[in-house]
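These notes open a run of structures that come right after.
In the two assemblies presented below, subunit A is common to both, partnered first by subunit B and then by subunit C.
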Partner chain A sequence: MRLTRSGERSMLRVEERPYTRKLGENMTKIVLLAAAAAMSLGLPAFGGSHGDGPVKAGFVYVGPIGDGGWTYEHHQGLLAVEEHFGDKVETVYQESVPEGADAERAMTQMALQGADIIFTTSFGYMDPTINVAANFPDVKFEHATGYKRADNVSTYSARFYEGRAVQGHIAGKMTKTNKIGYIASYPIPEVIRGINSAYIHAKKANPDVEMSVIWVYTWFDPPKEADAAKALIDNGVDVVLQHTDSTAPQAAAAEAGVISFGQASDMSEYAPLPRVSSIIDNWAPYYIARVQAVMDGTWESVDTWDGIGPGMVEIGEITDAVPADVKAEAEALRDAIGSGEYHAFTGPLNKQDGSPWLAEGETADDGTLVGMNFYVEGITGEIPN
Partner chain B sequence: MELGSINPVLLISALLLASTPILLAAMGELVVEKSGVLNLGVEGMMIVGAVAGFIAAVESGSPALGFLAAAAAAAVLALLFGVLTQVLLSNQVATGLGLTLFGLGISSLMGQGYVGVRPPASPRLELPVLSELPILGPVLFNQHALVYLSLALVVGVWWYLRSTRSGLILRAVGESHEAAHALGYSVLGTRLAAIAFGGALAGLGGACLSLVIVPQWTEGMTAGRGWIALAIVVFGSWRAWRVLLGAYLFGGVSVLQLNLQAAGIAIPVELLSMSPYLITILVLVIISSDKRRAQANAPNSLGRTFHASG
Partner chain C sequence: MIRLERRPAPSRAWAWATPLLAVLATMVAGGLLFAFLGKDPLLVIRTIFWDPILGEFAFYYRGQLLVKAGPLILIAIGLSLGFRAGVWNIGAEGQYIMGAICGAAVGLAFYPLDARWLIFPMMVLAGGLGGCLWAMIPGILRTRFNTNEILVSLLLVYVAEQILAWMALGPLRSPDGAGFPGSRNLRHYDAAANHELIAGSGMHWGVVAAFIAVILGHVLLSRHILGFNIRLAGASPRAARFAGVNPGFLVLTCLGVSGALAGFAGFFEVAGPAGQINIDFNVGYGFTAIIVAFLGRLHPVGILLAGFLMALTYIGGEAAQATLGVPAAAIQAFQGMLLFFLLALDVTTNYRVRIDVRARA
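And then the complex of A and B:
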């Protein structure tokens, strides 16, 4: 009886107040829709110069150009292209484009605006780039860090893992707690290579070293990156490596008095401490060469993967916070990798499960590295799927 | 469960701080929505607060001035929204989205010369004697001042909406603006005040990110926290204490999952990463599962435009 009556009453109330019900439900929808809309709109920002029949180069960025890291360096490449070609080139860029379907919209828009060559600068743009490229066979596409190519799609990437080897060595020598931490973005081969390379060389420098990896599932989220750095530090880590795009972990490291490394960009504003060195991505020569190729009509689909040797990866200045002997060792390692006499993945190396990977003196082939999906022996934890 | 190297005192301390920006922004939006206005520009107001607070703190050397500037700048931005939607009667959803885009753009312009600059340190508030207490001391009495302020604001907002005459008027305006207007209350004045208050709190939340949590200025550094705050107001069914719970759950689980990863606890990372969103939504949906009461708490005039002649 009571149940029925209260049920009736609640029905009545709903009928009496149709607005209440409608608004309550719609509110959630509105907020979620609005959130989705705003995220996908991103922040369009177009810049560029005009001239007579210039080559138009487009750049799609995953973060803001002021992130101080990854996107900042790609934008430096754009600026170098402008500087080099003057009014023979016109550039256009869009910042903070989410990876996924919305990236296709940004690329399509650029192609429709008459871009001759479009650089898509994040791993997650891989399929969108291939899809859009199929619709615009006359436009050249350049996808960074991916592995899918087409007649009008090139790929390019830097051997960041070579720089990671140098960082790993310094990290292993510098840690006092024997715990180093790694802020990882997404479980993709590029990131896993970096983790492995850093760990292998930290372990060589210091057999007692342990490494904690935190996956943050974002390229750019400064508060989350800072929280991840703090979580590592709170758990006893005193050297923080990052594979995310902002300088937030540097600030967290500075506050806690631990050591960090600049990522993608020099991040020299945090030198000499906490930032003791850095990996700098130098895209400018590549971008200039590729735009030149479009001008000359010699552009063709290629796969470029350059490291320290050709200068696509640079090691930022090692500061005086690092003892002179460690600095000398790190620089020797850098030069050995640069000259090709040493490979960052040289056996004997086992995979995490103990199965042999590389025999004594054997070096990893690019095919394995490109698709790397396993940890080397000694790293604890699992790679998420 | 073995918690390895996690220090519970540091953990609780970290999660209180991590939750504060979202809590501040959500409390502001709660008051705005209770007055019947839907301001989707929280993200934009937060980021403007973040940059304005950062600039003021760097230039003056005083974090306190930075927080004041953050609140003021975001309140001004909010009032722009207020004038557009309340006086010029523009669409609230579109204007709010526009406010976010505008805020993101103008903040990156304002912050041009401040990338890589280190702000003055905002020290924790150490209460003498009390902060020396074992365990309780560091957790309860050694937090940043904003943490205490945000908690005081929760109590203040709850008390204001529930027990004051002005709070009753604000709710009346939000439930039925025609009726409130007919009774002689100023719908426009009430709503503009609420919008400015909401903006000020969102700005404080932003400054908490740029001055305390990160602490640095980076473009786009709020990275979606304004949207989380909006969602928490809805899932918290417009009640101050549920919004508090939502913000702490989200902030807490976010920090906890990072710590579990750092300590190498064997839980799948995919689950850990999803957990802040899942747990917050789940808990708030369950506690507000009495649909009739939850919806009765949604302001009836929410998002509707009001014109005094109507």
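And then the complex of A and C:
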């Protein structure tokens, strides 16, 4: 799920210059001729060229690769594919592709140049992926975090909320002020699931815990994230969770001497304190499996939503700043979720307004989780609209 | 010693030669940059400037050039009028967003009514009006309270972005979107969609509007009294006042027209290539159009050419990324060089370069 922006804004002032009208008129003619020529050329039907050579895998990234975060982890997946298959695979990628028309062009370009499988790694690429896939029935498309599929479009996402459960448990145990804070990006189901999961498990570990949520409406904006972290800390929060990509909250937590968790990447440069653990996106096994399926001719459209078990969600090392017993509990929770023995949303759970949601022992179905738009009981504040 | 000597009158030949020289200088300096990155400079330059027009997949890229250049040209034409008159609308990005929101909102309000003859024209008007009214804010603040329109129009971009996010998450959010942000896709609603006029050509109503704007802009500036007043006010505000030009009226006209054109561009984009209102709908056309306006010497035909050149560097740059693995940052640096060389070479329009051999005694 990405709705990141990129783009440098520039301002400039230049003084006006005179112009030559005659030259201008000639240019008008040239341009009109060129435009007419461009339009009169009929456009042949689309079709990718696929030879017997290596499988070509394309990756469309929403941000720059950088040195950590969402796009970085997808690129790690690409590198893993290269390492696993060697010269049996050829990869191409494009960074900082805006969602919309530009995304369609990036995908079309890859398909025209013979890509066999294209991974589009942002929620905002959903409609563009479907549109382009319709033009290239022989190319396989894999769209991250979306819900629209087609014969040649699969979707995949990770159950990050499973990792949030582990973080919530550690947070509940570690807080001394009984106040934990959550830096949230956008009010969308993925983020709301994370908040609920973290809160449920913090509350289980510590019945007195309270959680404050700050919405920053960005996935990556270091100053904004730092401000949010400071605001939480000023209000007495001593454990900060983040659903944004930058390390700015880690730096703010380090300065204030409170605890934080790495997000998307391990952020181990902030270990052992303030970062006591992390959620790491690990796309490598999935990407390798899907490229393999294309090679074997066994690829088909699927909807994958993997968590800790298959390794798509990894829990970064829990540092020694966490007491041994808490660490052991957290690891046990991680393993129980990973083995499927325990579900992060297990009843009894009520919704925020007190209405019952899950009965004793009942677990949430994926349909509800995918569209989750409510807080569980105990969380204060409202989901912004 | 190198000395700059002011020309008695700006050189016309240089005014037109500098953009071409800037492109050449960019190719040379950019080629060096790519060489340092371990890429074949000729291959990269060819991928950027040649392949989209005449390469193997040009049949696809040519249409994309229109898609990319259309909004740039449409916005830049509007901006150039103001820039000529000394009215600095830096906030076209915000007007573009507001045009898109207003146009899309009108269309979505009628969903799923099937009456394109009614809905589409109303959406176009709403788009233009939205951009125009948003530009009126800095306009009226300037004429009434003498505030600086550069700052006001720029800051209103950030306000518009917040409104965009609110719309995507709130009032315009698709009821069928499972709680995800973003409006319905207008391309899937035929009465409101700005489809390609010829499938695969890239030609949509926004591109048509851009061409019309070029022609009207040219006629306005060369034949109409308003165009004369605009040029006069830019060249000499005092003379313009003596000639009876109402400066307040001129400010509002320039901002209104540029806002409306940016609004149209936003609407055509949201109903066509982009398809839906979403948090990240705007990708910087309003800012890039400023570069296009100056690259095109604030002249309609120049802007037309500059719009295509800029579109070419985007599309070719993307191709170089995807096929040759050139980093996105190198492509951005390459685009920056183009502007840098243009501004640097512009010195030659107003100045002669003299080289003195005599040392000072």
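By definition in this document, the second predicted complex is superposed on the first by the 328 of 385 C-alpha atoms of A that agree within 3 Å, B and C clash if a C-alpha of one lies under 4 Å from a C-alpha of the other, contacts with A are read in each partner's own complex, and residues count from 1 in each chain.
The rule is simple: a contact is a pair of C-beta atoms (placed from the backbone, for glycine too) under 8 Å apart; a residue touches a chain by one contact, two chains touch by 3 or more.
These figures come from a predicted structure and were not determined experimentally.
Enquirer: If we overlay the two complexes on their shared chain A, which of subunit B and subunit C does A:A321 touch? Say first, second, both or neither.
Expert: The answer is neither, since A:A321 touches no partner chain.
Enquirer: After superposition on the shared chain, which partner residues are touched by A:A293: those of subunit B (first), subunit C (second), both, or neither?
Expert: Neither partner.
Enquirer: Using the superposition on chain A described above, determine whether A:P64 touches subunit B (first), subunit C (second), both, or neither.
Expert: Both partners, subunit B and subunit C.
Enquirer: May I ask you to decide whether A:E99 touches subunit B, subunit C, both, or neither, giving the answer as first, second, both or neither?
Expert: second
Enquirer: Where does A:S246 make contact in the superposed view: on subunit B (first), on subunit C (second), on both, or on neither?
Expert: So A:S246 only meets subunit B here.
Enquirer: In the overlaid three-chain picture, which partner chain does A:L273 touch, first (subunit B) or second (subunit C), both, or neither?
Expert: Neither partner.
Enquirer: Counting only touches as set out at the top, which of subunit B and subunit C does A:P384 meet: first, second, both, neither?
Expert: The answer is both, since A:P384 touches subunit B and subunit C.
Enquirer: For A:D227, is the partner it touches subunit B (first), subunit C (second), both, or none of the two (neither)?
Expert: Once the two structures are laid over each other on A, A:D227 reaches subunit B alone.
Enquirer: Taking the superposition as given, does A:A150 touch the first partner, subunit B, the second, subunit C, both, or neither?
Expert: The answer is neither, since A:A150 touches no partner chain.
Enquirer: Can you list the residues of subunit A that touch subunit B in one structure and subunit C in the other?
Expert: 10, 13-14, 17, 19-21, 23-25, 27-28, 31, 35, 38-39, 41, 43, 64, 96, 217, 384-385
Enquirer: What does subunit C use to touch subunit A in their complex?
Expert: That would be residues 10, 12, 15-16, 57, 59-60, 62-68, 83-84, 88, 90, 93, 154, 165, 169-170, 178-182, 185, 187, 198-201, 203, 211, 218, 222, 234-235, 269, 272-276, 278-281, 283-284, 287, 290-291, 294, 297-302, 304-305, 308, 315, 318-319, 321-323, 325, 327-329, 332, 339, 343, 346, 349-350 of subunit C.
Enquirer: Using the touch definition up top, name the residues of subunit B that touch subunit A in the complex.
Expert: 4-7, 10-11, 14, 18, 21, 38, 40, 43, 93, 96-97, 100-101, 104-105, 108, 111-112, 115-118, 121, 209, 213-216, 218-225, 227, 230-231, 234-235, 254-255, 258-259, 261-264, 266, 268-270, 273, 291-292, 294-296, 298-300, 302-303
Enquirer: Would you pull the subunit A residues touching subunit B in the complex into a rising list?
Expert: Touch list, subunit A to subunit B: 10, 13-14, 17, 19-21, 23-25, 27-28, 30-32, 34-35, 37-39, 41, 43, 45, 63-68, 96, 181, 212-218, 220-224, 226-228, 230-232, 234-237, 246-248, 250-252, 254-255, 267, 269-270, 380-382, 384-385.
Enquirer: Which residues of subunit A touch subunit C in the complex?
Expert: 3-5, 7-21, 23-25, 27-28, 31, 35, 38-39, 41, 43-44, 46, 58, 64, 92-102, 104-106, 108-110, 112-113, 123-124, 127, 131, 147, 186-189, 217, 370-373, 384-385
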